[in-house]
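Letters A, B, C and D mark the chains in the order given here, with residues in each chain numbered from 1 onward.
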Amino acid sequence: FTACSESATGSGGDDAAGGCDPSDVQLLGQVRNESNPYEAAWLDGGDAFAESVGLTQERLTYDGDSTKQQDQIAQRLAGDTECLVMNILPNGDSDTPPIVEGAEEAGAYLVTQWNKPADMNPADYDYWVSHITYNGVESGKQIGDALAEAIGGEGGIIALQGVLDTAAAKDRFAGLEESLAENTGMTLLDDQTANFSRAEALEVTKTLLTKHGDDIKGIWAANDDMALGALEALQQAGREGEVAVVGIDAVPDALTAIQDGSMTATVSSDGPWQGGVGLAIGYCAAIGEIDVDEIDEEHRAFYAEQFLITEDNVAEFTTPETDPADFECDNVFDRAVGPLS
Amino acid sequence: MSIALEVKGLVKHYPGVKALDGVDLVVRQHEVLGLAGENGAGKSTLLKALVGLVKPDAGDIFVRGERVRLRSVVDAADHGIGMVFQEQSLVPNLTAAENIVLGSEGPGVRRGVYRWEAMRRMAQEQLDKIGSDIDPLARTDSLSFAERQMVEIAKVLRIEQRSQHPPVIILDEPTSVLESKEIETLFRQVRRLREFASVVFVSHRLDEVLDVCDRVAVLRGGQSVGEVDASSAVPADLHRMMIGSTGSEDHYHDTAAQRPDEPLRPMLEVRGLSGKTFSDVDLDVRAGEIVGIVGVHGSGREDVCRALFGAEPTTAGEVTLDGKKLDLSNTRAACAAGIGYVPAERKIEGMVGPMSVAENMTLTKQKARCSGPLVSPKKQANVVDRWIERLSIRTPHRGTAIQRLSGGNQQKVVLARWLVGGDIRLLLLDHPTRGLDIGARSEVYRLMRELAKTGVATVLLADSLEEAIGMADRIIVMSDGRVTTEVGCPSGDKPTPLDLVKEMV
Amino acid sequence: MTTPVIATPDVAVGAGPGAPTVRQRLTSFMPVIALVALLAALTIVDPDFLTQRSLTAAARTSSPLIVLAAGATLVVLCGGIDLSIAALASLSTVFFALWLPDLGTLTTPAVIAVAGAFGAVQGIAHVVLRIPSFIVTLGGMSIFSAVALVVSDAGPVRVADRDATSWLSMYVAGYVPVAFAVAIVVVAVIALVLRATPLQSWITATGYSESAARLAGTPVDLVKVGAFTVSGACAGLAAIMLVSRNFSGSPTMADNLLLPAVAAIVVGGTAITGGHGSLWRSLAGALVVTLLRVGLPIVGVPSAYEQILYGAIIVAAVALTLDRSKVLTIK
Amino acid sequence: MTTPAEDVDVASARPRPRRGLSLRDAGPPIALVVIFLVFAVLSSEFRTFDNVQNIMDAAAVLAVVTCGITFVLMMGSIDLSAPGVMGASAIAVALLVANNRNDNDLGLIGVLVAILLAAGLGCLSGLALVLLKVPSFMTTLGASAIGLGIATLLFNGVQPNITDGMLESWAVDRFLGFSYLTWIAVACVLVGWLIQRYTRLGRYAFAIGGAEEVLSLSGVNVAPYKVAVFTLAGAFYGLGGVMVTSQLGAGLVQAGDGYDFSAITAAVVGGTLLTGGRGGVLHSAVGVLVIMVLTNGLVQIGVSPYWQGGVQGLIVVAAVAAAVLPQRRRNQVVK
C-alpha cells in the first residue's frame, strides 16, 4: 500500500483553541431513540439548553444500533465541524473510542455519557472535554440495600439483569453482589437477563415466579423498565404488594409506582439534565469560557450526583425540570461527586 | 355448419421469433378441429391467443361472427372458450374438487365460505362425465400425472356452465401423458362434446389426430399451410404439410439391422436393487443396447431409473457399470460415471427455465464449455451452436432462455446436455419423446440409434408400446416394483403390442 | 445425416438476438440509477452532503455492509438465506480481539478462515439435514451470539495493537478508504471467479430450479456449502473492518447489520427467491442502504419521519431495481 | 392408433391418495411432546400446573402474531412487519382507551381502531407487493419502519399508561385458570383455522403458495386476495400489539420487538413451509408451544442466561431436523 496515506483530509488535530463565536456553535445530541421517555427527555433537555443560548440542537438517534451510531458520527464529522459540540450517549463501551478519535481529528468538542472503556480517559485528549456517568456499582448496591430493608433483611430475591454486555448492567449487578454480601439474610434465588426491556422482564418474572413461588420476597431490576415489567407480572400472578421491587433510572412511571407504594425504590438519573449539561460543557469549552486544559482532572470524567428515591423523598423528583442555572459555565460541574474509579 | 370461432391474420412476435405470422383459422360449430404442426410451429401460441393469454400484435379474432378482444382467461371463458394447457396447470396442494371448480366455484362457495359438500358434488359431476373414479377430495399432488390430466379435462368442461353459447374447448396435447384407456375415455368425451360444442385438439400423434378429428389444420412456421379432411387423409399427408416437403418415413420402425454382429459386452449390471417402490430388480444392459422397460402405473420403473441415476434412495442391491461398482448416493457420481438421465417432467426437473439454451446444454459437461477450470465462452458457443444445428433445435439464439422454446425443442436441449461431453456411457430416458413432433421424434430415435452404435447403453421408458417395441432390443416388463418378464425384441423378430400386453398381465 | 453423433460438425456461430436489449441493459443499471437519484435528493436537501469528505466517509462506512451483503448474496442466489452473518461478524470481532495478542499478523486470515468454517458447518447442516436455510442460520445466529457472549465474558475486548488493523483505516490515493477498496476487490474477485468458472451457472441453476439442477448432475450441495462458506468468510472480513474502526471486539457489535445487509441485497434487485441477481447489484444496494441509514438523519430528517421515509424509499428503490422479467412470481 | 405402454388396467393396485393428515404432519407435535417430557423429567417446577398455565399465558401474544404470519407464509411470501405494526397499534390503543396522556376513553372501540390501523399497515404492504411488484420481504420491512415511525410520532416522548379497566383486566383476570389473553389467543387460532379451512381467502392463500400462476390461469385475480391476506395478518399483529399493551399496562413503541423472527420461527418449527403451500394455523400453534416450552424450560432447569439463546437455537434446529426426517427425499428441494 505504497499509495496509502493516513487520512483523507487534513483538518483537526490542533489544540482546542475555544475561540468560537457563540452564534457559530453547532450543537448535536445523539441518543439511541426517541421512543423511550428517558432518552426523549434527554434530547428535550438538550433543546432547552440550546434555546437558552439562542441555538438549536441537531437531534440524532441510532436505534440502539452500534454501527449506525458510528456511521452517523463519521458522516457528520465529514461535514462542517467548525465549532461543533457533541453530547453523545455511546451505545456501549466499545463504541466510545472511535467517536472520541473522530471528534479529536475533526476538532469537535465532545462530551460522552454512561459508557466508556475504563482505560480511556478524556484527560488524554484535546477535544474530548468530559465523560459523565452514574456510579452503577453504587446504585446497584443502594437499591439492593433498599430491597433488603423492604423484605426485612430476610428472604429470597431474584435479579433481572440488563443487556449483558453493557457496563451499566455489569456494574449494577456488581453493586447487588456487594449488597448481598452485606445483607447476608437476603439470598439470590435466580438471575436472568431481560435486556433492559419491560416486555422481556414480564415474561422472565412470570417464569421465575412459578419456579420459585412464594420464596420470592423481592425483585431487583437493573433498570426501571424491567422493574415495571416485573410489577405487571406480579399483578398478573395476583401477588402485587407481596413482593418488593426496585429499579434504577427514576422514569416517571417508576416514580408513580413508588408513590402508590407498589415499588420500593429507584435511583435518579436525570435525563433532561444530562441532555443539557453535556452540550453546556462543550459549548462553554467552544466559546472559551472553559479552558479544556484547565478543567480539573476529576471533572474530565466524573460520576454525577444520584439519589436513592423511596417513598419518603419521591415527591421531590416527580416533576424533573431543567434549571437553566445548571447549564451556566460556572455550574456545569456542580453535580460531580467524584472521579471515575 | 356455422362458424364458432375465426382467426384472421394473427401475428405474434417474440424477440427473435415470429411465433405467428398471419395465421388464419376457422373453427366450425359442432366439429372437432385438429391442429398439427412441428414443434415450435406456433400451435400453443395461437391457442393461448384464443384464451386471452397471448396478446396478438396484429390480426383479428371473431367469436360467432363478432370481433372480440380477449384480455384474459376469464374474458375468454365468458365468450365460451376454455383450454387445457400443454403444461399441467393445477394447484398441487388443493383438492381435485377445488381445482375443478377453481375460479368459478358457484354454489361451492357462498359469501366467501366454502361448502365442501356442494363443491365435492360439483366436482364429482364433472369427473363422472369423463368416467373418472378419482376421489374429488384427494390432494392433487397425490394423484398420478395421468389422473391430474383427467382433472384438467374435468375442469375445462366446466365452461359449459359458464357460457350460454356453445363453448369452444381447446385441448393442447392432452394425450401425451395418458394411458390408452384414458385416451379412449377422453375421445369418447371429445365426441360427446361435439354434440354441443366445438373442440380444438392438438397432438403430435398424427394417427390419433386423424382418428378423433373431423378436420385438421396445419401450421408451419407460424403460418397456416392448409387443412385436410380427416376421414380421407393419412398421417403421411399431414406430415408432408407440416414440414413442407416429402418427409422421411423414418419413424421408430426398425429399418435395418443396427447392431454389430459380435456379442455385446455387458455394460450395466443391476443386481437385487431395492428401494421404496421397487424391489429385487435385476437388469443387464449391454454396450450399444437399448432396453425398454414397460409397466403400468405404479410399476416403479421410473423410480428404478432415478435410483440408477442416484436420485432416489435404495435400500439394497448392487449396480456396476463397466464392471465398476456404482456409487448411487448422488447424481454427481452418476454423471461422472457417464450416466445421463432425461426426466419425464421436463418443465420442473429437466430444464432451468430462465437460463439460456447454452447454459442448459452445458450445465453438466464442463468439457463442453471449459478450458481447464475456466469457462471459455467461445468454446461454449461453438459446441452449443453445433448441437443446435445437429439436432435442429429451433431457437433464435443460444442465449435465448430455454423457457421460450417450444416443448419439443426444450426436450432436444435437455437431451443434448448429455451428449455435449462426448463421454456418455449409459442413457436413462424417461419418456424422451413426450410432446415431440414426428420429425423431432425421428431425430431422437435416430440419435438413440447412433448413440447405440457408438456403444452407448440405453434404458428407455417409452411413450407407447410401439415406441418401446420399435426402439428396444430387449424389453423388461415390470409390475408392482418387480421385474416380471423379459421379452426379446431383436430387429426382424419384434413382438406385437398384443404379445407384450399378454406378458404384462 | 449419418455422421456419428459424437463427431462434431462445424457450424458457423453468429451473434444474434441473444444479446441483451437496450431495456435489459437499462434494468441492470437500475441499482446505480437508484443510488445516484438518492444522492441527488440528499444533496438537494443539504448541499453540504455532496463533498469529497462526506463521500469518503460514506464509502468507508459502507465497507462492512458491502462485504456482508456480498457474501450473503451468494446464498440468496442459491435460493437460500443466511441470517447468521451479523451474529457471526460480531463473534468474529471478539475472536479477532482475543487472538491478536497471540497470533499477530496471522489473526486476520485465521478469523476469516474460522468464520468461513462456521459458515460451512451451517451449509453442511442445511444440505445434509435438509433443514431450511432460514432455520439453520437462525439457529446459527443464536448460537454464535451465545458463544460470543461467553468467550468475551459479555463485554467488549479491547484491541491494544492498533497497527494490526490500521491498514484498513488508510486511504488509497488519498481519498479512497482502503476498507472500501478491499470491499470492492472482494466483490470483484468473487464476481469474476463466478463468471470465469461454471460456478455462476451452477449457482443460478440451483437458485432457479434446484431439482432440475440436481438431475442435471450439478453439484448442488457443494455449491450451497460453498456459498455458505464464502458468506461466513465475508462476515469474518466485515468483522475485521468493524474492529479497525472500533479498536475493539464486542459480542453484539455487528448484530444490527443483518436487516440492512439483506435489505442491501434486495434493494440491489437480486431476487430473494434465488437465481437472478449479482454481487454488483448488492454493492449498489449496500450503498443505497448506507446513504439512507446515515444520510437521512444527517441532512436533518427528524427521527420518526426518518423511519417513515426509510420504509418508503427502500420499497421504492426495489420497485425501480428489480428486473421483473427475470423473476417469475413476486412473492 | 398407438398403444401407450401403460396399457393394462391395474389402476386399482395404486394406493389410495391421501386426503387428510399424514405422518409428515406428526413431526412437530411429537417434537413438542418430547421436549415437554424432557423438561418435565429434569425439573419439578416445570411440570406444575402453574407453570403450564404460565407457558400458555406467555404464548398468547406469539400465538396471535403467528396466526397472522402463517397466512402470509402459506402464500410463499414473508412478513417482517410485525415489530412496526405492533408498535403502532400498541401506542395507538394506549392513547385511545383511558390513559394518562389524554382524555380519550374509547374502550373496545379504541381497541378496534388500533387493530384497523394495523390492518391498514398490513394492507399497505400488500398493495405495494401487488401494485409495485416489490417482494414482500421489502414491502413488509418498509411497512415495519413506517409503523415504528408512526408509533414514535404518537409516543411523542411521554410514556402512555393505560388506566382502562377492561384492557388491564385482559392480562389479569382468569377464566378456567387461564388469562383472558390466553383465551383470546385460543379464539384467534380457532378463527384462523376456520378461515384457512372454510373461506375462499384461506384456501386461496394456500393455493397461491402452491401455484399462483395456475390461479391466474383459472381466471382468479390473485391480487386482491394477496392484499387481503396481508391486511388480515396486519390485523392479527394489531391485536397482538393491543395484547402487549394490556400485559404491560403501557403502550410501548418496542411492543413488537423480535416478534417477526420468533413468529416465523414458530411457524416453521410447526411445519409451515417458507416456500408456501404447506402448513397452517394449527401447525403454527404447535410451533408456538414448542418455542414457549423451550424458553420456559431453559429458565426452569437453570441454564445460564449467557447460553440460553444458543441452546434454544440448537434445539430448534434439532427439532426441525427431526421433524423433517420422515419426509426426506433424495431430490427434495430445500431452500
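Remarks
Keep in mind that, in the parts below, a contact is a pair of C-beta atoms (placed from the backbone, for glycine too) under 8 Å apart; a residue touches a chain by one contact, two chains touch by 3 or more.
Each chain and its UniProt protein: B = Ribose transport system ATP-binding protein; C, D = Ribose transport system permease protein.
In this text the structure is predicted, and so the values were computed from the model without any measurement.
Farthest from chain D, judged by the mean position of CA atoms in each chain, is B. One simple way to say how far apart two chains are is to compare their mean CA positions; for chain B and chain C this gives 41 Å. The distance from the centre of chain A to the centre of chain B, each centre being the mean of the chain's C-alpha atoms, comes to 71 Å. Note: centroid distance chain A to chain C, computed from Cα atoms, is 35 Å. One finds 29 Å separating the Cα centroids of chain C and chain D. Among the residues of chain B, those in touch with two or more other chains are 311, 349.
Looking at chain C, residues 149, 154, 211, 214-215, 303-304, 306, 328 sit in touch with two or more other chains. For chain A, residues that reach two or more other chains under the stated contact definition are 33-34, 164.
Chain pairs that touch one another, listed by label: A-C, A-D, B-C, B-D, C-D. In the complex of the two chains, the chain B residues touching chain C come out as 15-16, 309, 311, 330-332, 334-335, 341, 343, 348-356, 359-360, 362-364, 366, 369-370, 373-375, 381-383, 385-386, 388-390, 396-400, 417, 419, 422, 447, 450-451, 453-454.
Chain contact summary for the complex, chain A toward chain C: residues 1, 3-9, 33-34, 58-61, 63-68, 70-72, 74-80, 92-95, 97-98, 117, 119, 163-165, 167, 170. Remark: chain A residues 33-37, 40-41, 44, 161, 164, 190-193, 197-199, 202-204, 206-213, 228-229, 232, 235-236, 238, 251-253 touch chain D in the complex. Those residues of chain B lying in contact with chain D across their complex are 53, 72-74, 77, 85, 89-95, 98, 102-105, 109, 112-114, 116, 135, 137-139, 142-144, 146, 155, 178-181, 183, 205, 207-208, 211, 294-299, 306, 310-313, 349, 461-468, 479-480, 497, 501, 504-505. Across the complex, chain B is touched by residues 1-11, 13-14, 16-19, 197-201, 203, 206-207, 209-211, 213-220, 277-278, 329-331 of chain D.
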